[in-house]
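For clarity, chains are labelled A, B, C, D and E in written order, and residue numbers in each chain start from 1.
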Amino acid sequence: MSEKLSRRDFIKLAGTGIAVTSAITGCGPASRYTTREPYTKMPEYNYNGKSTYYATTCRECPAGCGIVVRTMQGRAIKVEGNPIHPVNLGKTCARGQASLHGLYNPDRIQEPGTRTRGDSALTAIDWEAAIQIVSDALTSDPNSLVFLSGLANDHVYDLAVELCASIGAPKPIRFSAFELFESQATLRQATKTVFGSTNPLYFDLANSDVTYSFGAGFLETWQNPVANTRGFSKFRRGSDKRGYLVVFEPRMSQTAMKADEWIPVAPGTEGLVASAIGKLVAEAKLGSAPVAFKSVNIEEASTLSGVSVETLERLATIFANAQAPLAIPPATASGAPNGLGSVISTLNLNVLVNNLGKPGGLYLSPDAAIPAMDSSATYKDLQDLVGKINAGKVKTLFVHGLNPVFEFPASLGFEASLANVETIVSFSTYADETSSIADVVLPDHSALESFGYQRVKTNTLVPILSGAQPVVAPFYNTMSTVDLLLVAGAKAGGKAILPYKDEVEFIQAKIEPLMEAADGYFNGADLPTYWASFQQFGGWWQNSNSSTAPVSAGSLDVAPQISTELSIGEGELFLHTYLSPILAEAGANKPWLQEVPDPATTVMWNTWLEINPKTAEEMNLANDEVVKVITEAGEIEVSVLVYKAIRPDVVAIPFGQGHKNYGRYASNRGANPADLFGSTVNEAGDLVYSSQKVKIEKTGKKYPLSRMEGYTKLERDLGEH
Amino acid sequence: MQKVLDLIKNPSFKIAILVFVLVAFSAGLVGIYFTQIPPEQPILFPHNRHVNLQIQCLYCHSGAWKQASAGLPTEQKCWACHGQLKKYFDPVVPVSEWPIELQKLNDYAVNNKPIKWVPVYQVPDFVHFNHRPHVAKGVACETCHGDMSKKTVATLEQTVNMGWCIDCHTKKSANDPVLQAKLLDCGTCHY
Amino acid sequence: MANHNIPEVKANWEETSGVWGMSIDMDVCSGCQACVAACAMENNIAFVGEEDSGYGRSLHWLRVEHTFEGEYPEVEATPFQPIGCQQCGHAPCEPVCPVFASVHSKNEDLNLQVYNRCVGTRYCANNCPYVARVFNMRDYERPEPLPNQFNPDVTVRRRGIMEKCTFCIQRIHQGQDKAKADGRELLDGEVVPACAQACPADAIVFGRLDDPESKVSKLSKAGRGVKLIEELGTLPRVTFLEEEKTYGRTG
Amino acid sequence: MAVLADSTKSFAHPIEHDHEAHLREEHLMLDPRPRGEMNAMVMEAMTTTSWKFWAVAAFLAVVVVICLGYYWGYMITSGLGVAGINRPIYWGIFLVNTVFWIGISHAGTFVSALLKVFKAEFRRPFTRAAELMTTFGLVQAGLSIFMHMGRVWLSYWLMPYPNERGLWPNFHSPLAWDFLAINTYLLSSTMYLFMPLIPDLAMARDRSTGWRKSLYRVLALGFRGTEGEWAHLRFAMNLFAFAILPVMFSVHTIVSWDFAAAMRPGWSSTIFGPYFVIGALQSGISAVAMVLIVVRATMKNMKYFIRPEHLDALGKLMLIISMAWAYFFFNDYLVQWYNGDKWTDLLLHFHEEGPVGWMWLAMLFFNIAVPWATLWNKSIRRNPTALFAIGFFVNVAMWFERYIIVPTSLSINRFPFTYQFYKPGVEIPLSFGTLALFILLYMLASRIIPLVPVWEVQEGQMAHSLKKFGNESIITISDLEE
Amino acid sequence: MTDKKMLLAIFPDVNPAAVGIKTLRELGIQDDHVDVISGLPITEAMMGRKKHPSHVPTIAFGGAVVGFVLGGLLAFWTPISYPINVGGQPIISGPPSVVVLFELTMLGMLLSTFVGVFLDSKFPNYEPKEYVTEVSDGKIALLIDCLGDDEDKIISALTNVGAESVRQAEAHQL
């Protein structure tokens, strides 16, 4: 500990030195009172004033990209992609780049503390007391303990699963706004229905020549946007033939902006359009349509979706004639009452053109490198959890890597239910909505300060276990949650004792089986060597493709049950909610991410409501006017942004802002559209949110949106001149 | 009014003004002097003794020939030599009888504390100085840092400013226009 | 934007092809803003907050432009176009600076902004046809411990100073220094600016234009290549590869 | 000689002829008073202050301290962010003010030097008032430039001085020319103000006591009026009158090159030089008229020196310049109509229809319509209130014109993505600060230096007489032309 | 040998003063022993005297030359002292140099003219001088250097042609 402490002090001092130097820039050599210090025990490869690079895993989203962090004198200064990591091959997204602003966030929780429910301030405690609190919780009734976990912390989740299993507590619940907004459960269930597999699907965008996307924002947040963008780049320019992308969705997203054609379909009719295209393709190719497409009425589909029959026929011809056609299932549209049917329809389209296991088609990702202990929860599970809490059956709630009070829609009633929990323990690194009401806050290291691993589940043809290691010594008096649980378990005794000394030993135990795994990127004769390589390369992966071709489970012969119910709630406009491509669910506290313009609208630092110019004119709304958006579940106030590329019957709001308590950069900024969601779930157990109807009322207020783009501010039509 | 005028005309008033100006001026001078004296280092490192023992500069400041920063030795490195010197290592000799500076070093090394050296040669952070090309071109350390065999702690031998850099760059590259273009390019140091 | 292949300008450009160049493929640029964030992280760019950024004071060295054309439902998005400093060979920003703060590097053929010489007349920014220069309006606050993230190779700018994309000159210098220490020539692709390094679509390619074999030289001369408003005679070093919205076009 | 001989008596003579009486009343040159009396009048004008004067001066001083001292300090310590500039509108009201004040300063030199070169006699009583405006206007222009700089504490880098770095200013830059030209102009106009002042200071020295005596004794440099002193002064003043005119033209054209040398649509134009010069004269001459009207109304004995004939002459000048200005303004559109550059076209439309289109209209209305409609009329030209109002609106409109040229034009460039609005911030108090400083300096100077060049008036009166041709009495033949 | 004396004659106007000068010349007093003090720039011709020599034109011309040379140094030497390429323009370029040359030539000329006036007129000079304050009210004063013997002769002659007073000139603080 002492060594860590001294290094931390050193980092602080070095930081001060830099600040002083930066403050006197331009004043000449007056920085007389700065000091320079060598490391007390500097590794032999480390020179003062020279950068060292550490490979680790980005934890800004669950995708598991490998990154290399440039450090200098104990400070992380730049995130770069890990060029050998097979998922992202040295590339990063804006969120990954800005993860340093998470590490150096001024609003991190610096030490463990407790509070009386309702207070805002924490009373500092030492880690001994913290360990006591956790061990007390572990020794109480295991059935009353619930562990809530996020998606981007596999090793913590794995340990929690083991711990819960050992003491007999219910299995940890894993969820995040990613799951909600991309309706992952629906896709999982559809995959199971169509291909009979639980492995994630791999869409080989790179080798496709015609891709129809039914609304998955695969260049923005869906699955692994970095890998998808790389695939997209190959799709467009990787071979002699330029790939052709058509996107069907009610609002032109960033992905649709890159498409060659954007087909504005009515919300919830994506599956219908896919079926109609399927029918036309089948008729062109096979002469007659299989059962799954037979019953589709093209005219009706055209009327409902707003896509003309000619367009459908033209698109069907292109798709039928393509060498490597690919249909990507909906993401947002899965959150409709008919979501499951829509996803099945699009997957059926792939089965129909038989691109299964072929370049440019569909693959099933291989099993995870180390056995997966999870399948994420569905929204239904959350509703059950809230029911359980309300019934007083939960005494202790552990929350790690997740901000449920913000990420769970208000209609779920999670926040209200917390009154029935005796002890809420948050392991959050940042002051957020959940940790600010938690009774005990035991901050984990931030992502770049901790060990860990992450299974790469999507966008991969090989098993990958991406490894994480600290790139800097912990900045504050934080403690790894795995260590904390292990120590507390040991203290609690009995079944809570797990056979690991600390976090590193736990991870080593997990990766040990991989030492002998065939065709690995590297192998190790002994664990220390293997462990060193695992840290050096930023994880382990197989060299060769071990994916499998999906096999149709006969879904073409089943007429899909596509519900005709297209909307829920009352109101004149559909609400289209999407995960903000830049902020996602937890990026709002990073100042530079806030200042990165949204790709489609170039808005920074706020939430906006996109509305078609025609609708805006009818409702007499102009840019920057604040409107009230109302559903049965709630209402929010948000500034209007007139957006040309959206259906007139749809308004869109991004999710990501609207934090009440998430540090100085995110708090009280923008609005949270999840407040508007109802509580209906679809057949797969995902929340129905994309068919939500809303009412819009003027408030008479104005709040100017901060936009990068300027010409619409001048409110002039440039076409004239 | 007249009294004020009389006061102003009084010679002692004029003298008082003069004295005040002189005092203020000297105070300013003293202030400037205090900013110019060499900074106090945590350890009065005797460079001269080490250099006279034929220890190369690059032995301790090893970064100078391969990177921008010359670097400072860790106290481990200091202790690697001093630990082997019988005189100090001998457990018979109590620490309190060691030379005072070595006692300090011992304190840092034993307690694992970084030594907070005060930089003597410093360029503003809008100037990016790289030791490597200078050493590679054969510029002797003495050229800028003075003859360390005659100094204990480092002192500022040169006013490190742009005119001095440019002057030397111009002279060294007088016969090589390509090199001169590089050495006098603003972007070589400022970015 | 405009593709005026004025013969004289082209001829002139051939003569002074420049040293460092960049090509940006607008067909694959997905507008993900990774370059923007990477640039900010690499170059110690300050964030300015909601009010100032909304008022056009954000300090992005790189902005990704796009617009919508036409009316719904025939609306189309123009391709994403990341625009930073074009490192003009004949840069209009340079001669107008009264104190030689905006100068041309003879050695690297880059546009330099010497921060410590800048007095803040902002003339260069007015004269930049690409609106690529940004001005530090204030000492933007970066509360502790955010300054720990500063890249020591890049000057931290204060209020009253112009700044702009440098083609990550610190990385160029490092690369050259390393190559020189190793006693070899710089390899193509050895030096990458932060934006190109991050770009998931590999839309940004950076390299030497004076090396006809480098990737960027070849791309710059490709048929899709367009330089921004080159009819002004600025000799920009960034080539944009245009989008082709066609199905199955080869090449 | 005859007039001089008469001059002591003529005042006492009964006026016999109505027309002659009218002419004497009309022309200061024909209405001499005993020189001692005239000197006394000027001294009295200088030394007479009322509580109103001090109240206004105190108010202005407070405005200067708050607007210039406080706000400028605030801006220096917190950065230019407190002003309204942004990307791409990097130049805002500070540059508008610079151009405006340089424009104001032009007329002073114009009337005092150009009219002297052309021997226009009516100039005599107000050359100093105008020249004083030049100097103080330039001070405001210089201040505005300093305000506009991002790091004003390093502004000395614009100065050519030898340094160890071997770095000099970049003389390719119009801003470096600006530095040379404005400094040349400021120095020479100050010298040109001071030289004719020496004899008047000597006169004031002979007529004052106390601190004024000490002050004037120092300022008059020991001038007695010997033959040699007069000979040197006469030559120097003639040379200045000739040489300062090209300097004046160069200054404002160089200010215009700041814009015209830039590669911006709407700025890059060869017409900018003459256009700016004429614009400067337009606002400057109106400002001279305004100042004279105020001086005439507020200072003692000034109604004797400044008469409707002077307002009349300035009114005519205003009309002429307004016509020339309209022509150059039209040229902007003419050239654009032929070359058809789409960005310039957009810019010109933006001037008219953009958010400050009202300024554009006001500028045309007050700079063209109003002078053309009114200044033809002699009685309007001679009416101080009317002329003041016209001058005021012309000045406001010329300020608008610069506003349209600077920030409004910067709104538009070749990248529509970056278009922005301009909302002035701390520029507003700072602008009022410079205006207040100008007025304050002028007020204080009017009580310290003789605002009327007495010796020049007396020299003129000495040489003028009425001549009778038949039944008509005239001064010069040109009087017959009206 | 008799003492040298300085007389101060005050005339009410230009004409009598001109006659006075003529009278003095007739009395054998050379023009360079007479100085005219006046509140107005009456010309030498009015007084029937030679043009007063002045160095100001020469100094002005010299100043212009110096300014031109300085301008040349700024325009042509300073760019080479640290050659920096801007915008692909030549290091020494014509059009901008014209501006620099013009401004500095004008500045040199005007500044030296001003300085020339100071030099030629021995400004500033606060020593006691012979002077009467009535000059600025329109009187013309003649300062006459003469021998003590001629004093009475001169006084009576000048009084005859209209001098208001002729007396011994006394230097006093202005």
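Here, a residue touches a chain if its C-beta (ideal position, glycine included) is under 8 Å from a C-beta of that chain, and two chains touch if they have at least 3 such contacts.
What you see is a predicted model; the values in this text were computed from it and never measured.
Note on connectivity: the fewest chain-to-chain touch steps from subunit A to subunit E number 2. Drop subunit B from the picture and the touching chains left over make up one piece.
When every chain is represented by the mean of its C-alpha atoms, the one lying closest to the mean of all protein C-alpha atoms is C. The most distant chain from subunit C is E, comparing centres defined as mean Cα coordinates. Among the remaining chains, the Cα-based centre furthest from that of subunit B is the centre of E. Chain pair with the larger contact count among A-D and B-C is B-C, by C-beta pairs in contact. A separation of 64 Å divides the Cα centre of subunit C from that of subunit E. Centroid to centroid, with C-alpha atoms defining each point, subunit A and subunit C lie 30 Å apart.
Distance between subunit D and subunit E, defined via averaged C-alpha coordinates, is recorded as 30 Å. A straight line joining the Cα centres of subunit C and subunit D is 46 Å long. The set of subunit E residues that touch two or more partner chains comprises 82, 84, 86-87, 89. Shared interface positions of subunit A, defined as residues touching 2 or more other chains, are 21-22, 25-26, 49, 708-711. Shared contact sites, meaning residues of subunit C that touch two or more other chains, fall at 55-56, 58, 63, 65-67, 92, 95, 97, 100, 103, 106, 115-117, 152, 155-156.
Subunit A contributes residues 11-12, 14-15, 18-19, 21-22, 25-26, 49, 72, 75-81, 88, 90-98, 100-101, 103-106, 209-210, 219-220, 225-227, 229-230, 232-233, 236-237, 240-242, 244, 252, 254-258, 260, 262, 264, 318, 475, 581-582, 591-597, 599-600, 604-606, 612-614, 644-648, 664, 669, 704-711 to its touches with subunit C in the complex. Contacts from subunit A toward subunit B in the complex involve residues 2-3, 6, 10, 13, 21-22, 24-42, 47-50.
Interface of subunit A with subunit D (complex): residues 26, 708-711, 713-714, 716, 718, 720-721. Those residues of subunit C that touch subunit D in the complex are listed here as 1, 52, 55-58, 63, 65-67, 83, 92, 95-100, 117-123, 125-127, 129-131, 133-139, 159-162, 229, 232. Partner subunit E is touched in their complex by these residues of subunit D: 1, 4-5, 7-8, 34-36, 39, 160, 165-172, 177, 180-181, 183-184, 187-188, 191, 195, 199, 202-203, 205-207, 217-218, 220-236, 239-240, 243-244, 246-247, 250, 254, 455, 458-459, 462.
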